[in-house]
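Okay, so subunit A shows up in both of these, paired with subunit B first and subunit C after.
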Partner chain A sequence: MFTIKGLTVGYGDTKVLWDIDLEIAPGEIIALIGVNGAGKTTLLKTIMGLLSPQSGSISYRGHELSGLDTHSIVKLGLNLTPQGRLLFTGMSVEENLLMGAYLRHDSDVGRDLKYIYDLFPRLGERRRQRAGTLSGGEQQMCALGRSLMSRPSLLLLDEMSLGLAPIVVEMLLDLVVEIRRQGTTVLIVEQDVEEALRRADRGYVLEGGRIAMSGPAPELLNNTSLRIAYLGL
Partner chain B sequence: MMHLWLQIILNGLLQGGILGISALAFSLQWGVMNLINLAHGSFQILAAYLALVLLQRLGLDPFLAMPLVFLIFFAGGYLLQFGIINRVVSGNLFMTLLLTYGLDFVLANSMILLFTADYKSVNTSYANSSWHLLGLQFPIVRTLALVFLLILSLLLWLFLEYTRAGRAIRATSMSTEPARLMGLRIPKVYALTFGLSSGLAAVGGIFYGLSNAFSPAAGGPLTVGAFVVTILGGVGTSWGPLVGGIILGVLDAVGSVILGPTYVNVITFGLLLLILILRPNGILGRAAA
Partner chain C sequence: MKNKSLIIAVLALLCAFLLPLLTNDYIVQVATEIAMYAALAAGWNLIGGITGYPSFGNVAFFGLGAMLAGAFSVNWHWPYWLAGIVAVLLTGVLGFILGLPILRLKGHYFSIATLALAEATLAIVTNLQFLGGGKGTSLPLIGSPLLFYYIMLAIACLSALITYLIVHSQYGNTLLAIKSDESAAQAVGINTVLAKSTAFALSAFLGSMVGVVYAIWQSYIDPPTVFEPGITVLMLVMTMIGGAGTVAGPIIGALIIGIMTQLAMAVSQNASSLILGLAIIVVVLFLPQGILGSHRSGKGGKRPGKHSFSWRG
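On to the complex of A and B.
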């Protein structure tokens, strides 16, 4: 249902992604792995329409995404929790969550807000507090909550664990499994390769802007060269 | 003697109303889009001429014409931003300065063609009358300008804090990338912002035209005034224009009596310099997060 074919992306003359092929089936958790500078964030930004590809196609449920603006892509059910969280730091936690539901006009927004506060009681306690004053872990919860408020059918998560305590990372990644159980497909980009692959169905390894390896997550976890390169084992 | 000074301070305070409405518009577009609109003053003068034409041709009182003029300027501002300014607004600040400077030229010279370079004023029966209270004179137009500034500041604040569109404007002003990721169309948010600013500028322009003689060349000083008041109050703050407008109004009024009217610009720019040194984010402005 989500398919990338022959995608090439660059900033001017410098190419960042070459000929990427990637597929995600409904309900899957896909882990995208690669060192810094491999092009993971570029791929996510291109999917969301923040960058335009030089060639290739991205399709979702029969709609071609390349050429659409981010507004239309969000409307189709995609949502990105960006690297660095990019919260609206001067707004309250609740306003950030409401911004996530910006394109929704249904009457369930209030109920979903309560759902997020049940999921993250810390956010509920701090709902009137400015998002910029939250701790790193709370900010990440707020960013994830903001994405969930859009009720995405395909959720893209960029480096959720960056700079967070291992226990918070575990909690957030377990939550991803729960989110999938409720019907959302997830593409997850993670530094913490082992934690991500343990929860994913399949994985793709990005190296120097190309897909170097892909396969079921357990196979990747046991792959010797991948273990040496990413897990230091 | 005491009484005279009270009247002078009151005059300054009330002058703050006209300065403040003008800055409310200027500050909004600056705060949200980082756009310093050099054509701002000419927008206001154009609104004053429009009010004058509506009064002379249709006998429409400027206060009754206000909603209509607001809507016309809102629509014009929306289209101008959507069609033209959006092309350069996210680029170098110099590009927007250049564009609005050019726009100012076009507007000022078009007004000379249409209305000649002579001084005009919007003459209503109450334009030069005053209310009397406690032995002080309250010029009707300026007093109403201060009241309008209070109401408009409150309405703008309520709009930005508590409506969906207001939230969108604030989110966009903080950071455009996450705003896009929420599904906002930045060009439309900017167009709405500039439309609102233009409408507010027009309201301020009508007040200016009611209380001053004006010509097409009067736009420049209005832009400068809005610029100083905005810096003084804090760029993009809802209440900064009110605070900045009153402070500048009073200081100008008192200063011009003590030092002479020719020194008003010295006071204005001295104040600007002082605030940039002592409190560069303005009186109500927060340090950049």
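On to the complex of A and C.
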């Protein structure tokens, strides 16, 4: 359903991603792992049309994404929860969530808002509070909630765990499993390799801008070189 | 709070309306200029305050409105109202088209590009014979000072009304989102290019409208006067002093700068710019957010507390 073929991306003469091939089937949770600077965020930004590839193709349900504007890609059902949350800090929590439904014109927005508050009761308590005054974990919940408000069919999560306590990270990653159960396909980019792979179906390992390894998540978890490189075991 | 704002607005409008009955021609002249700058500042506020793109070239739209309307009426003998409407519409469309590439730049880069835009427009206008070239355009003397006062006042009110409607609409939220974080705005699916260019076009539209009226009010215009960069600076300073992003900010800023200019002139003709400059520095130092504060600063999240005073409550 989602296919990347021969994708090469760079900033000017500096190439960041080389010849990436990646595939996601509907309903999968895919973990994309790699060290800092491996090109994970660049890959997500390219998928969302925030960067344009130098060559290669990205297709989703028969639509070619490369060359489309970000808002057109969001319209096709993709959504990115960006690294560092990027909330609209001057707006209230509820306004942030409603911004997530920006492209929707159906009458279920109110119901989905209630669903988000059920998922994150803390957001409900703080719905009138400015998003910039939330704690880090609450901000991440708000960012995730904002993405969910667009009812994405493919959700891209960039480094949700950044700067959060392990217990919050676990709670958020458990929610990812719940989100998938509701029918959303998920691509997680994570530094917390073990927690991510435990919940994923398959994983891809990015190294120096290339896919170095891929396979079923349990296999990757048991892979010796991976364990040494990322888990320090 | 909302009712209070409405009452203040109605009272202010009433005072402005009755002002000519109580004062002399000189005051009416000053008040006309204040209304004119209030409208210009409100136009600047749309792109600079609400969208967060500080334009240093908005005078281009003011100048184009004046020069185009003048040229249409003198060269093609159009009635002035028609020349004015066409000039305003053309400038608005031009603002939209120019916005498409220029608004890809951010921060200082955007400011520099708009500065260059205004200078380039001046150079082009000066070299077009149709627009009167460098020697300017004379327009027939019509209307009375009182008439122009009320027209400028009406445009200032229209600018405030447009700002109010935008701020309280979904479109206003869209612009706030762009000001707050443009990448995030794109990520939620906002067509940021379209939204920003529309704001720039509206800003151009209002600036041009003021220019059209200015031209016939002054009855003689030439490019260096109507493309004077200082006009943009005044729009910016007034908006900042009153409160960028707010509805009433640009109007309050125009009032303060207008009155301070007169007071400074009264103190010393020669040192008036110096006094005005010092006054602006003092205001910026002690009220960096402007008098009304930023009604919704896209950035930051001040925790609500006893130190945060907000006009909207």
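The rule is simple: the second predicted complex is superposed on the first by the 233 of 233 C-alpha atoms of A that agree within 3 Å, B and C clash if a C-alpha of one lies under 4 Å from a C-alpha of the other, contacts with A are read in each partner's own complex, and residues count from 1 in each chain.
Following the convention adopted for this analysis, a contact is a pair of C-beta atoms (placed from the backbone, for glycine too) under 8 Å apart; a residue touches a chain by one contact, two chains touch by 3 or more.
Everything quoted here is computed from the prediction, not taken from an experiment.
With the two structures aligned on subunit A, subunit B clashes with subunit C. Touch criterion not met for A:A165: it reaches neither subunit B nor subunit C. By the touch criterion defined above, A:V35 lies against neither subunit B nor subunit C after alignment on the C-alpha atoms of chain A. When the two complexes are overlaid on their common chain A, residue A:V177 makes contact with neither subunit B nor subunit C. By the touch criterion stated above, A:T133 is placed in contact with subunit C alone, subunit B being left untouched.
By the document's definition of touching, neither partner reaches A:L231: not subunit B, not subunit C. After overlaying the two complexes on the shared chain, residue contacts for A:A25 are found with neither subunit B nor subunit C.
Comparing the two complexes, residues 48, 50, 69-71, 74-75, 79-80, 82, 86-91, 95, 99-100, 102-103, 132, 146, 150 of subunit A contact subunit B in one case and subunit C in the other. Interface residues of subunit C, counted against subunit A in their complex, comprise 173-174, 176-177, 180-181, 183-193, 296-304.
On the subunit A side of its complex with subunit C, the touching residues are 48, 50, 69-71, 74-75, 79-80, 82, 86-91, 95, 99-100, 102-103, 130-134, 146, 150.
Within the complex formed with subunit A, the subunit B residues making contact are 164, 167-168, 170-171, 174-175, 177-185, 286, 289.
Across the complex, subunit B is touched by residues 48, 50, 69-71, 74-75, 79-80, 82, 86-91, 95, 98-100, 102-103, 132, 146, 150 of subunit A.
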